């Protein structure tokens, strides 16, 4: 498959809407690590995803790390996906920053391995970000995004390193006919709309774009950029899209700002408008539905019906 | 059509549930003002409303001001509505107070013009309120209702002026076989249940009633009147009904009060109960679904299914 | 019917999902007390429950107190339930603590009478708790759970009294082939997972278990035990289950904690996971759907569809 074909595929065959494996825990109730579990355990999760109506999956590596599987195990993964008739749209790497001061080079290496596996699985996209591992204080909190975390350094050297290493990934992705998507996340070099656009522009590769996961930003208990401005700036550069939504409460007199996870339809981000705007800007990538808090799979399934209805209503 | 027929129509033909055009922006993404746009642009919005299941629309003037259209353009509006098979139930005037110290007389004149157009479009109802234009601080806020705004003066002269000018509107509405509905809104003479009932009683015209848009009040980040008491007082005087709902968080120990927009089913106002109570009090007007924040049209569509189910369940 | 048969019934005939009569007021809009109303009034409520899709009901005594009905009236109740084809799964006694310092003995006597009626109505379960009547300050609040309330004494005498009196109930329930379920509720001896398990263990009767109504706990505006730990501890002892869900907002920097009632799917408690875990722990009791705030019946109906889908997806 050529790069062109890969890019055009989603639009030709209808939209790709993938379920993130984010709601599945990396260690199951019996204490077994999913990474080392027999492929039948993976099947159980995939079957649930399929029962909720999904035809595509994003192999989010908070559950399973395809890039750390042996070739034999990758074949097993491909086989159980095939058996469940679930197609892998993408692999999303979470908290594996290539500029992490401690593990940046390891993460680069892991990301490169993941690109190889993504190509073997016929994914169209790999998503990476610059956010760091959760701190122990974050892990103790009900909502980790309400706890401060390490910030990316703002100096030119860090910027250059990010451009360089993400370019390495981008070029390797291109060689493999893959899109590389950069996930927006607060307090990283992908933490504002302007910085995200500048980073993707500095990288300057056709197959590298943004993953405007604005849910990460609108849930913050602090002032944010206007949502409409973020959409206008980022959507023209978008090639993959993690979607989730939040209620956002702001009290102008006291300055209190709070959020709560909710369905795509009910949250503050108007996805009907955002999707329309993205498509007008030429977006043809895959959508990936995520949800943290409560029944992630259930809300993702509700969101699948919602997003499908929005996309169908555009065609009518 | 006689006034009697106009009043009876909704009940005869099943309930009228209109979509407010509130979710549509007055200036579209290409910078074009809807007011001056070709009628095909109006059609696009109406088609969306129809696709979401609505047979009726409330021409909310935050989107399009029918009262400021030329006769030729009003005909165009009637024609595109006919083409989309969407019937106009009402025109709602937003922030066009006839006692606004600056623009009260202009608003009176505009409201009178709007009544004429409403009659030409065969609407049953025109809704007006006493709330003022959003201040710049309100426009900057995520939720404008958390920012203080101009209050109506509480003196007898202002009250008399409100009664006089709304009576002018009411009598002209009656001449045109229209209902005039007064929208409840905080910090205006229609800001409490008692004041609203007194105002509509002082006006004393059969075709003038209340629009108990309690969503305006229950979303305030300050103490409110008990919802049940507002319903009991206002529903007997109700002739039109803007509906939207909110989560309402109150913390008794700290006094914190916060809200977030949500669906009619999930919010703090029990619409199943309120609708039942209204009908027992003889309500036979039209319902109008609104929603601010996020995907207004999507939530309104969800609310249409909810309200329809409630009304059907009463008949069963 | 033997005790064994009674316990096995729900599993044999598919899961029992009951609607609580909690959303119905004890005094209707005409001022009539439901307790003294003609049975046709009860029918009206039951018909609504049936229209919302329920085949089973929990006679929550905040609406109607079956234990205070005369034998003739109990027959009337059975008859209208039969006419509506609504089967009574359980009776839930609310705020009728058998260790209430003021009314404990009266409540014990009332609870014993209720067991008799539950058996006559062919319920499988009676649920009781140790929470006290709402104080006047609680009744004035929008959300009573944000106001402090009387706490159970923590001394050994109170504990022994609870064990003794609940054992009296449990043994009488066993004689009648009924399950007795103890509802978890903050600031009572059933207020933490550990205390609840210890209490049910100290009682030590096979037909006495827990009702892990964790909605009562997760809505509190103060720190709570980790939800997962509560589930792990309590589900193995669960024989009945009041279900409702809440958004839970926690701000780690300010310590602000707030909640709002929402649907089972959208709230912080992952019921898909919890139900799966319960069934793995051998749960075979009835589910009872509750909801406070707004349209309780509507949200319960939405929750019925959600829970049914979860249970079906487990079988698939």
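When the chains are written out, they are named A, B and C in that same order, and each has its own residue count from 1.
The rule is short, and it goes like this: a contact is a pair of C-beta atoms (placed from the backbone, for glycine too) under 8 Å apart; a residue touches a chain by one contact, two chains touch by 3 or more.
Since the model is a prediction, treat every value here as computed from it, not as a measurement.
J.: Based on the touch definition given at the start, go ahead and assign the chain network to line, ring, star, complete or other.
T.: Looks like everything touches everything, fully connected.
J.: For the identical-sequence pair chain B and chain C, what's the CA-based rotation angle in degrees, nearest 5?
T.: 120
J.: Note whether the interface between chain A and chain B is symmetric in residue numbering, meaning over half of all numbers used appear on both sides, and answer same or different.
T.: different
J.: Counting only Cα atoms for the centres, state how far chain A is from chain B in Å.
T.: 40
J.: Please list all residues of chain A that touch 2 or more other chains.
T.: Those would be 247, 249, 256, 258, 260, 266.
J.: If you look only at chain C, which of its residues touch chain B in the complex?
T.: Those residues of chain C that touch chain B are 29, 47-48, 51-52, 137, 141-143, 146-148, 221, 247, 249, 256, 258-260, 262-263, 266, 293-299, 302.
J.: Touching residues of chain C toward chain A in the complex: what are they?
T.: For this pair, the touching residues of chain C are 245, 247-253, 256, 258, 260, 264-273, 277, 280, 306, 310, 313, 316.
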